[in-house]
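Taking it in order: structure first as structure tokens, then the write-up.
The first chain written gets the first letter, and so on, giving A, B, C, D, E and F; residue counts start at 1 in each chain.
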Amino acid sequence: MAGKKESTFINMVLVLFIITLISGVALGGFYELTKEPIAAAKLAKKLNAIKEVVPEFNNNPSDEVYKVGINATDTLEFYPAKMDNKLVGTAVKTFTNKGFAGYIWVMVGFLPDGTINNYSILDHKETPGLGSKMGAWFKQTDPAKEKSSVINKNPGKTKFIVSKDGGDIDAITAATISSRAFMDAIQTGYNEYIKNKTKEDISHE
Amino acid sequence: MNNLQTFTKGLIKENPIFVLLLGMCPTLGVTSSAINGLGMGLATCFVLIMSNMVISMVSNQIPDKVKIPSFIVIIATFVTVISFLMEAYTPALHAQLGVFIPLIVVNCIVLGRAEAFASKNKVIPSILDGAGMGLGFSIALTLLGSVRELLGSGKVFGITLFNDTYGMLIFVLAPGAFIALGYLIAIINRIKKA
Amino acid sequence: MDTIVITIIALCAIGVASAIILYFVAQKFKVYEDPRIDEVEEVLPAANCGGCGYPGCRSFAEALVKADDISSMNCPVGGAPVMAKVGSILGHEIKASDPTVAVVRCNGTCDNRPKTNTYDGAASCTIAASLYSGDTGCQYGCLGLGECVDACKFDAMYMDKETGLPVVIEDKCVSCGACVEACPNNILELRKKGPKSRRIFVSCVNKDKGGIARKACSTACIGCGKCVKECPFGAITLENNLAYIDYNKCKLCRKCVIVCPTGAIQELNFPPRKEKPVDKPAAATAKPVAKPVAKTAVSSENKENETTDNK
Amino acid sequence: MLKTFSIGGIHPEGNKLSAKSAIQELPIPKIATIPIAQHIGAPAKAIVKKGDEVKVGQLIAKASGFVSANIHSSVSGTVFKIDDVMDATGFRRTAIIIKVDGDEWLETIDRSKDLVTEITQTKEEIIKNIGEAGIVGLGGATFPAHVKLSLPPGKVADVLIINAVECEPYLTSDHRVMLEKADEIMVGIQILMKAIDVKRAIIGIESNKPDAIAHMTQISSKYPGIEICPLKTQYPQGGEKQLIAATIKREIPSGALPIEVGAVVQNVGSAFAVYEAIQKNKPLFERVATVTGKSLKNPSNWKFRVGTPVNDIIEASGGLPEDTAKIIAGGPMMGKALVSVDVPLTKGSSGLLLLAEEETARKDIKACIRCGKCVSVCPMGLEPYLLMVLAEKKNYERLESDSVMDCIECGSCSFTCPANRPLLDYIRLGKGKVGQILRARK
Amino acid sequence: MNTKVLVAPSPHIHSGDSIQKNMYGVVFAMLPALLLSFYYFGLGSIIVTLTAVASCYFFEFSIQKYLLKVEPTINDGSALITGILLAFNMPANLPIWIIIIGALVAIGIGKMTYGGLGNNLFNPALVGRVFLLISFPVQMTSWPKALGFNTSYIDAETAATPLAIIKEGLNKGDSLTDLMAQLPSKMDMFLGSTGGSLGEVAGAALVLGLIYMLVKKIISWHIPVAIIATVAIFSGILNMANPEAYAGPAFHILSGGLLLGAIFMATDYVTSPMSNKGKLIYGIGIGLLTVVIRVFGAYPEGVSFAILIMNAFVPLINISSKPKRFGEKRK
Amino acid sequence: MEYILIVISAIFVNNVVLAQFLGICPFLGVSKKISTAVGMSGAVTFVMILATIVTYLIQKYILVAFGIEFMQTITFILVIAALVQLVEIILKKVSPALFQALGVFLPLITTNCAILGVAIMTIQKDYTLLKAVVFSGSTAIGFGLALVLFAGLREQLDLVELPKGIKGTPAALITAGLLAMAFMGFSGIV
């Protein structure tokens, strides 16, 4: 092999130039190559989340999404799910920032009357093993834990407040803060959903 | 040193984590479960092999003064590539590992092997070295991940071994990472002595 | 395609810019550092033991590079091969020095040297030595508290529980001299290893007059001078009632060993003698022999703790 | 509230068994072994040789340097030999061995018992004659007194402090001397005051000697400028730094001498010796020592001749008890353990203590539990636990910066440590090493 | 001379103080609180205490003997203290297996990892306690009511501690005055009979222990006084600034493990500073952190964490606050 | 108030080392002596703030401007590496004393993930430049606090005899674990 290159100015710049050039090409190329799959993966994730929380549908809710601003930075997203053009439910991407560690993003599916069909946690930073249990806690099917479940309950009729604070839902053991936050997210989603429901009904009926 | 030794030394004798103590951040940061550990390990492994390969090919052409920047660029390229790939094909894992994926760039093992081995050796040994080190890293991460997951929530690779009421939450959290690794290394030291 | 182009341009720009800036700054702020320091450091064993007399391998490397003459500097751990490499890096010729090893110059086992007192202080030879003359009649001999063993970083020494004396494990001894430094009574000495590890030395440091020395220890050098007369090579000198064998002059003829009336001269690693030497006490064999003697509770306990610690 | 020093201190049991026993005179030995090094500083040089006849009080070894002291014969007889003999620590050191023959004193010594109060000598004469008489500090340090009294140029003293604290448990010699020789001591003090040119002297006495406080207070009223300062009983109040802090509330800075704060400290015994040297022309060759111990038949105080074997004084007090495990020259806190009873008594022998095994044997060393008790008792405000570890780890740099050289070796720390750690042993080791380094640096 | 006399450096006598004397002194000082907890919590507290102590002894002995291979030192009494204090920090209905894990962590991780008595950096009992608190938050925070002697163990009726009531209530948005009304009176808190861990129910018994230890010179006053005074002052200031949001000093001092921590746990020799100045700094630190964690943090109780955090500061405190040296100029 | 929360959070609650696991290598590596720990903390603070500012500007004016955010990793690390080397070279010449105190740690800093991690995190958190500086400064202080505390603990450990298998790294890690456990007491403050 050839001997080591001297550290002359030209050499230095040249070598670095070539390396960055090649790596630039490689990176740009890979970016282009993976752009599609990444976008697809993101979409799939969102769709999966929607699918999980609303009854079966055959439209593309992403196309019919409408957004509602809550404050300066955060918006709720509403994904209407329709079966043969009939609204069967709406997936609401809602959030709260009252979590133990800040924001919690929840996808919650409301049936047209506002009853909760299902929910899924999109993102959170709650403590693993404590707050993180909310992904499963509020959809327990065990009749003994009925009071913990939010499924098939309507925030308009049931008090979506943890029972410790006088509400109707039992909080996650040792994670009351996360539970309160979760309730807050659902409630926000519900409130906005009801507020905008009429509007939507008009536009889509 | 023959090729076999080049490959196997990273597994135990010079295991990057248990012996050399390099790349501690991902080691501790992502090992709250076995699968995360494995994922991180393999991602690092990929970067190690590729960068070792490329660096061993080009290192003679690189002047000393820009050696480090050049290596970093090469490594960073592969890191970004693996990041793209993971985002596209294993989005959940990508989200779990979070900031630790870009941080593979600064993982001391990668740069360390580039400097200490790849830049002085031919392509094949460099690849083997990278693979060995990467595998050693992966094994260590998976082991630590398994231990933490087991103690913390009674599972390994998501398979429940005992009821999670018996799980010690602390092992999933930061302190448990340090403590578990500390005792793992102590046990390994002890076994090696015996 | 756009992105690729922008990517390439941006990356190249940043890369080239950093190269240019670095180059000029490096030119402007150049500080000279002898690159040989790194080279030398790489050769050194990185044991950082301090045997060379410097705080660590790096500072030894710096000192080596600065020195004009490195013949007096030695890394005991790496020994001659390493110093030769250093020499070739620095362009010095190193003449191979004979390997040395530590020897214990006291044979005052519990048998040979009866106890007169019981030491009850901290288990440190230096402390005992600063307090009094030791728990036997010999004020020069080994105090038996094992400070030398503690000082050895290479596990090359241990305290023999039966004799109460330290023993050097030759294979492990790297001749760093830490024990020599540690011993307050100067019992240990670095001596030429000798061919096949054969060595002859006076295993005693007692400077008292013969009678007193003999009374304190049956195997003390009494300064009779017989060995001096016997030695055909003039290797033995007598000073302050104590004989000393110069290992550079000694030809290992073993004649002095036979004439010594107290068996103070030790020979190590020799094959057994053919004809039995006339009424020689057993003490002159390779290892000091001694019957186990129960030692007083406190001090022996301390010692035992230390020896086990160091094994 | 009685005065005392403010940092640290301990309260070991007093055990002053011999406090009520009047000073007796010990019979002259048959053979006197007089070491030529009985003081801090350079050993004296022997000026007699084998076969020479000597009288009591005759100079037999001359000071050999500035910090050194004359040695006088304590007996009359013939010099039998000058040889290395075992000293208290077991090492062989030079001594002049005299075969005793009668008790013939030099004529120049005034052997009458009359009190001579008038001080005729000048300051310079006093200091010179104290030096001639070979007086060393009798408080234990045996520092040549004339050196201490020759104040360094530019320094002035404003007070003389007499150390009558005797804070060591068991010892009572100073106590007895005060009760029996109060007037002589007062004159001695006046001589010392004249020597260093001060108008004020303070005698510090601990409250566990109420009779001595009363007696000395009464006698002192006859002598101008001398005050008695009763002190709360607390070890190590006898340390000169602590004594100065207790009596006049001045703290000597680290590494400095008492004169830095205008004080000079002398032991009461030394004051008595000064009296005898100046007024009676009698050199220092005998002194008072306590022989004591819980199992000893007659704990008592003896006036002995330097060079008497330790064995004699023990025999005179009832013989060595069966259970003796340790023989200590001095008190239990600072005294030195002897290797044998065949060694001679010297100018520094203030007592002989015989301890039984259960009282003195060290217990198993445990790990330091960091209780901080050693820190709180250290009268110098040091951290003994740390100093010990640093000494063990040979970290001499930190030892120095943690003021190891300030340690006065009082032993309060080792005494107190619940883990029985040999703190002072290691601190002394560290001090030795750091001292070497400091000297090398100069 | 025929007998071989001893030779040793001075001093030749010893005070007779020993590790055991100090340790068993502390145990004795804890007795009033222990007995009172037996009275208030009944069988449960006895089971918890016995399990904690027995497993501490077991782990201390077996780790020393079989893992470290040294002579076990179980009779020095320190494992007993760790055991009792661990129990003091647990609710009386804690499942046995959790207690055993706690003891393993306290002795195994907290103490023996460092080689045993005297070497550890963090208070072993608190290491055990906090480990459990983080690992098993549910079990560690459901306290049985102090009902007077009773024999129910696992299924005792539970009640929140005063601190938890306040924390919960404030989180909910209730006003402090209302909350205070729900609490037992200050006198009750001092004499016992509030919910909580075994050792934190009766201030009076703990103070009795403090007095005993001070009289016996086992500990000095600096740490407990510094902690209590700091908590009083700091919570007093907060209380004055906003009486509706922050409870007053008396409440903070009497509630939770503050007295327990200040008297028995912050004073642990091994993990507290050496000099008196250092002890004061350490105590003040604990006091401040306790209030900060209680008032602003997620945990209703802050003493344990505060002590552990300050344990970490001890080496720095020791280095920066040397005792006043003799002859040093006073500033 | 917001700034205070950022500071408290970065120093205590979400301490980089003890809670976020960044910069563990120097945390374990240069914590044997308090004096070096202090030096390292100083160097890290300096570089971290500097790096955050530079990467912030690059992100904003190059990456975002041209829509090539995916190049973040590579540009950031390149810039940080160059920056560190620059500082090192300059320091060596301009102030040898400061170099002795801080400079020797600089090579260690390039491969310190805390620097890159913080640079990336500031971008993720969408801070303004001022907040970014406050955040990186407090993160560095948090790093320094953990490092110095840890160094104190390790110096203390040097004075005692640890069990054989535990001595060295395991003891350091376990101690770090207990330190992290103590720091969990701060959780929930912000």
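Criterion: a contact is a pair of C-beta atoms (placed from the backbone, for glycine too) under 8 Å apart; a residue touches a chain by one contact, two chains touch by 3 or more.
Predicted model, so just to flag it, every value in this text is computed and none were measured.
Participant: Show which chains lie in contact with subunit D and also with subunit F.
Facilitator: Output, common partners of subunit D and subunit F: C, E.
Participant: Shared touching chains for subunit E and subunit F?
Facilitator: Touching subunit E and subunit F alike, sorted by label: A, B, C, D.
Participant: Contact counts by the stated rule: is the higher one at C-E or B-C?
Facilitator: C-E
Participant: Nearest whole angstrom, what separates the Cα centre of subunit A from the Cα centre of subunit D?
Facilitator: 87
Participant: Between subunit B and subunit D, tell me the centre distance in angstrom, where each centre is the average of that chain's C-alpha atoms.
Facilitator: Taking the average C-alpha coordinate of subunit B and of subunit D, the gap between them is 70 Å.
Participant: Averaged over CA atoms, how far is the centre of subunit A from the centre of subunit E? Could you give it in whole Å?
Facilitator: Taking the average C-alpha coordinate of subunit A and of subunit E, the gap between them is 44 Å.
Participant: From the mean C-alpha coordinate of subunit A to that of subunit F, what's the distance rounded to whole Å?
Facilitator: Once rounded, the distance between the two centres reads 32 Å.
Participant: Mind pulling the residue numbers of subunit D that touch at least two other chains?
Facilitator: 90, 326, 337, 339-340, 360-362, 367, 386, 422, 425, 428
Participant: Mind pulling the subunit F residues that touch 2 or more other chains?
Facilitator: Answer for subunit F, listing residues that touch two or more other chains: 70-71, 74, 78, 82, 85, 160, 166, 171, 174, 178, 181, 184, 188.
Participant: Specify, in ascending order, the residues of subunit E that touch 2 or more different other chains.
Facilitator: Within subunit E, residues 5-9, 109, 115, 118-119, 131, 134, 137, 298, 318 contact more than one other chain.
Participant: Pull out all the chain pairs that touch, please.
Facilitator: Per the contact definition above, the touching pairs are A-B, A-C, A-E, A-F, B-C, B-E, B-F, C-D, C-E, C-F, D-E, D-F, E-F.
Participant: Which residues of subunit D touch subunit E once you look at their complex with the stated criterion?
Facilitator: Touch residues, subunit D against subunit E: 7, 10, 12, 90, 169, 241, 245, 251-254, 256, 324-328, 330, 332-342, 353, 355, 357, 359-363, 366-373, 375-376, 378-383, 385-386, 402-403, 406, 409, 411-412, 414-420, 422, 424-425, 428.
Participant: Could you please specify the touching residues of subunit D with respect to subunit C in the complex?
Facilitator: Those in contact with subunit C are residues 86, 89-92, 326, 337, 339-340, 360-362, 364-365, 422, 425-426, 428-429, 432.
Participant: For subunit B, which residues are in contact with subunit F within the complex?
Facilitator: 21-29, 68-69, 72-73, 76-77, 79-80, 83-84, 99, 102-103, 105-108, 111, 170, 173-179, 181-183, 185-187, 189-190, 193
Participant: Which of the residues in subunit D come into contact with subunit F in the complex?
Facilitator: 367, 386, 389, 393
Participant: Please output the residues of subunit A touching subunit C within their complex, sorted ascending.
Facilitator: These residues of subunit A touch subunit C: 9, 12-13, 16-17, 19-21, 23-25, 27-29, 31-32.
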